[in-house]
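In the two assemblies presented below, chain A is common to both, partnered first by chain B and then by chain C.
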Partner chain A sequence: MDLALLIQTIANSIVAGSIYAVIAVGLAMAFGVMKMANFAHGEFFMAGAYVVYVFYALLGWPFPIAVLMAVPIVGAMGIITERLIFRPTRSNVLAGFMATAGLAFILQVLVGQAWGVGLMRSVPTPYMGAADILGAKIGWQRVLVVPVAIVMLSCLWYFLFKVKYGKALRACAQDPDTARLQGIGINKMTMLAMGISGASAGLAGALMAPIHPVTPYMGHGVILTAFIVVVMGGMESIAGAVLAAVLLGFIHTFVTTLSDAVTAQMVGVACMAIILIVRPEGLLGRVKA
Partner chain B sequence: MSIPNWKPLFLLAAVIAVGCAIPFMVRAYTIEIFILFMINLILVCSYRIPATTGDWSLSHVVLMGVGAYTTALLSKWFDLTIFLTVPLSAVVAGIVGFIMVTPLIRTRGFGFFIASFALGELIRLIWIKFRYPFGGPRGMIGIPNGELGSIDFFEPMPYYYFVMAVALICLIIMYRIDQSRIGKTFTALYTDEGLAESVGIDVPRYRALAFGLGAFFAGIAGALLAHRLGAVDPKNFDVTTMVYLIIWIVVGGTTTFWGPIMGLILMTFIFEWSRPLLEWRPLLFGGTLIFFLVFLPGGLDDLFFKIRNKIMAKKSGAGVSDVAS
Partner chain C sequence: MTTETDTEKTTMQNGISRRGFFKYTSASIAAAAAVSAGAVFEVPSLIGPAAAATEPTGDPINIGFLGALSGPDAGWGLPGLTGNQLYIDAVNAEGGLLVGGERRPLKMYAFDDEATGSKALQGAKQLVLEKDVKFISAIGGNPADATHPFLTKKKVVYASLISTDIKPDRPYLIAGGDVTPRIDMLRPFYHRFINPHLKRWAVISQDDTIGLTSQAWEVGSALSDGWEVVYDVNYAIETTDFAPVVSAMLATNPEVVSLNLSYPTFVVQIVEQLYLQGFKGLISANYLDTESILQKVPKEYLEGATDSFPLFDDPWWGSPSWQENFMTEWNARYGPGGPEDVHREITGIDWDHVITFKVWAEGVKLAGTVDPDVVLDTLRGQDSIPTILGPGKMGGKEMWGIDNMVSPPIPINEVRDGVKRVQAVVRFEQWFDNRKDEIIKVVRDKGQMFDQR
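And then the complex of A and B:
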């Protein structure tokens, strides 16, 4: 492995890690507040990509506005999911998880019926050309992912630690009963958490639309990766999810470069299994009673 | 000498009689549906065994795949007959299940669900990765259909009877396990793990046993499927298939032995009726899954139980009022 390839791989790893982080943060957040495990998270990612496909590729709106449209639309889908699926199944984590697997089927069919199942939708790349960093070439579209991820994660951090609603959300994640005693509405908080969760998945999908083949089944690979990241990070820890995302970004990219994609997936899945069995609380998770 | 209980034997005889008569009344295509139905029957009932201990896994279909791949390898490379490949595949699937569950025992509930998904996916990726001997992403083809003397199991009718015999034996064994002390222990350790431990039940050992037994019977289902289809494909054993299995179980419920069977029968009917709406089928099934989890978490099983209780209550209530008047 020469220097150029090394730099190229590191750069690719950072891009992959950023996108994993944006996806997984939403999943970790929903699980942290009231243990909502969303199997349809990958389909929310897919929905974000389709929003960009519709507004940017079909209607010809500017790319940044199409991406911004994905955030409220998919966020609203998250809120509806909370209201219709997670709230009635709140007592049972597995039931909510399985029901969202049903939701994943429904979303795949609806999108497939609306825009076709067969060939991938092509979304033209809005930012052509590539950045040249010490001999490594990365398309601008990929480079863009990194600052957006950083801005998004900073906003989320600010919201959770400085804004009243964010603090309430964290309180609810730590101890729902005590939070309720302080006058925090649990239902409002779970809706907020699912809204943010959906919005982050939608943002990730929207950003990836020009570089990822857009099909109704694109969420499939995403959900596995997202769960590996979240489990490694400790299920409910957002900082853990970000750390694990960057870690997995490096592992995946390096193994793919040195060997092949299937081996990379095997390594990722093996990491998840080992963490779950040896250290179920994850890298940065709280120790559960 | 004890008096034998005639009712179940009578029921069994009736089921066998109807089962034997079916192929003469329907078209060849429908026989294929019945063959698949009986293979699925073994699969759902085998899934219920670990589910009674509270261990819902996401790797059961992969274990069925282990059976199918074992059959494919044994019959293609060693020319074994179908009467050896089926039991051997079950044993291999059972052993793989035992190996998988050893680390999984350390997790519970949601953790078990996700960790079993990871390990199952690992096995599936091994099939995809190694072109030799597993055939890579395209799987393997040309698995012989098996034969008995001069009877070729390629014909649907003989294979139907073969599958029916195997399914009946498996179901009777699984029913006996469910009714036995072991089956009661499985339910007990799910109902109250602490209490079960305190009366001397080795909880991890029984959980491993349940998972291994489930894997064993899933292996039989996989072997029968591989012989029928003549091919194995890693895509057949992915998480989408697993979700279908979960739909059958959730619709049926797991409280009694008959729950998953009811779920499978209902969903097979819906599956066949929805043939004209092929593209909409996942939506229908996903909607059914959500409906049952939200409104009927106990499944059909629980629904029947509640209806029966209500009728009983009404009867006894009417009796009381009669006396009062």
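And then the complex of A and C:
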């Protein structure tokens, strides 16, 4: 690998890591609070992309507005999912898993019925052209993901550590029973967690719509990576998810450049397995008492 | 165009003028496919009995459509229903297919195989045993592998889009209307002819069966035409981020980047990355969906890019022409505001299935029977068979072990001002005869000949 390719690959890795981080933090947050994995998280990502497809590509709204529209719309989907699926199945983790797996298929079919299956929906690139960073060429649309990821994660950090409701969320994640004794409404918190989770997935999908093929099935490829990131990072750790996302971004991009995407996926899963063997709680996860 | 084509042209024009006779249906084809999942369903026709210029005089011939009508591969299946149905309605508007002096109307039944072998076998059995179909229009690939023992036993002609499905033990499987991989073999020749100063050829496609095989044929052809193949890699079909794939390829400094049989979705992403990462050379691909690509890169960047799926509004075809009328008819019926609006633009796949379907229909007319052995022998014996891309013939034994490949002339397009336009039409057979030994050696070295896979 020569220097130019090395720089290009590092730049590609940073972008990939940022994308993974934006997708995975919502999944980590939902799991942290509810202790249940949302298999429809990939479809929330897909829903965000379709919001941009509809508002930006079909209706001609400005791209930033279309992206912002995805946040409340998919956030609302998260809240509805919590209310209709996770809350009734709270005492039965397996039922929750299966119900969200079913939800994933339902969302795929609904979107397919509404906008058709088949070849990808074409979302024009709003910011054509590439940034030249030390000789590495990165499309502006991809560059955009990096600051958005930083801003989003910073806001999330501020919310979780400085805002009352954020602190309550953390309390629920750490010890729901004690949190309840302190007067924190668990139902409100799980709803809030799923709202944020959905909103972040929607934001990720919206940002990726001009880059990623927009199809009803686009969530499939995303969910596996998101789970690897969350498991590597520590199932309930948002900081761990971010760290794992960056690591996986580098692993996937370098291995894909040097070999191919299947090998990259294998190496990513192998890294996850090694981390779990050495540190079962994940990179930044905490050992339960 | 031939007289036969002119006849059909007239028919299609008549079809438009008879829109008052159309039986409007509220169910779209896609919806019908969805609600009929797991079962054969009749594809609705817009041609009512009163619209036929001539009354049928024989029993209907049932046609099957066996492909993905839902799921990720539906993009290869659903458009086939539109094109095939247009052709069927055009034939039926004349009273049906002329078989042994009888006019036999065509009726199409479809089954959604979801691109799954087991589903495809279920569909094949339903289509053959319940509907007695004589011809199955399909996408191919895994479903072809799964269905061919049954269809061979039942002697039902199966038309695949994928020539690599042709094998000597599949006597009733025909393909080749889709010009893959012949176009991938001819593009190096075309670029060598047009740009003799260029030397360095890079080629990528996904690592599925057709990508591996098609790329092997292209590499052999590029080498036989004097190209230095500097990059020859099959990327994983699971790839979602093409930035690293393109970075690795561009590190070899190619002058022409060929995307071989990369699927349209991949092509859009790869071309975008080629643009973003500053590739200045020529782009060549099996299929360029210019409408989607131009949403990602400036029009100027795509200038001169080459593929082989022409547009049917290309002046090359003339006006009026079968192609122009097909497009007009398609837009009137399936386009915006049409009675069966499919909410998308016409694509090459809308007519891709029709090529082989029409060839089989020509064989039936010539043979005067639907007996598959007679039909295929008749087709193989023809010096020229009318196809929608021009006169073709059956061949392919050296590539696939049996002469079951429909071989029409192959158009080569370049993008001009954002629009694909035919620049040349090349006959494959003569070109191949002159270099086949060299090419086949490369394909064999890569383990991609029909008897190696």
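In this text, the second predicted complex is superposed on the first by the 282 of 289 C-alpha atoms of A that agree within 3 Å, B and C clash if a C-alpha of one lies under 4 Å from a C-alpha of the other, contacts with A are read in each partner's own complex, and residues count from 1 in each chain.
Basically, a residue touches a chain if its C-beta (ideal position, glycine included) is under 8 Å from a C-beta of that chain, and two chains touch if they have at least 3 such contacts.
Predicted model only: the values in this text are computed from it and were never measured.
In the superposition on chain A, contact is made by A:Leu276 with chain B only, not with chain C. Looking at the shared chain after the overlay, A:Met266 reaches chain B, while chain C stays out of its contact range.
In the superposition on chain A, A:Ile138 makes contact with chain C only, not with chain B. Contact with neither chain B nor chain C is seen for A:Met189 once the two complexes are overlaid on the shared chain. In the superposed model, A:Ala70 makes contact with neither chain B nor chain C.
In the overlay built on the shared chain, the residue A:Gln113 is in contact with chain B and with chain C.
After overlaying the two complexes on the shared chain, residue contacts for A:Ala37 are found with chain B alone; chain C is out of touch.
By the touch criterion defined above, A:Leu94 lies against chain B but remains apart from chain C after alignment on the C-alpha atoms of chain A. Touching of chain A by both chain B and chain C, each in its own complex, is seen for residues 109, 112-113, 117, 262-263, 265. Chain A makes touch with chain B in their complex at residues 35, 37, 84-85, 88-89, 92-99, 101-106, 108-110, 112-113, 117, 220, 224, 227-228, 231, 262-263, 265-266, 269-270, 272-273, 276-277, 280.
Chain A meets chain C in the complex at residues 1-2, 4-5, 8-9, 12, 15-16, 109, 112-113, 115-120, 122-125, 128-130, 137-139, 142, 210-213, 215, 217, 221-222, 252-254, 256-258, 260-265.
Chain B makes touch with chain A in their complex at residues 56, 103-104, 106-107, 109-111, 113-115, 117-119, 121-122, 125-126, 128-129, 239, 243, 246-247, 250, 279-280, 282-283, 285-290, 293-295, 297. Of all residues in chain C, those touching chain A in their complex are 30-31, 34, 70-72, 74-75, 78-79, 207, 233-236, 238-241, 243-245, 247-248, 251, 264-265, 268-269, 272-273, 275-278, 289, 291-292, 295-298, 342-344, 347.
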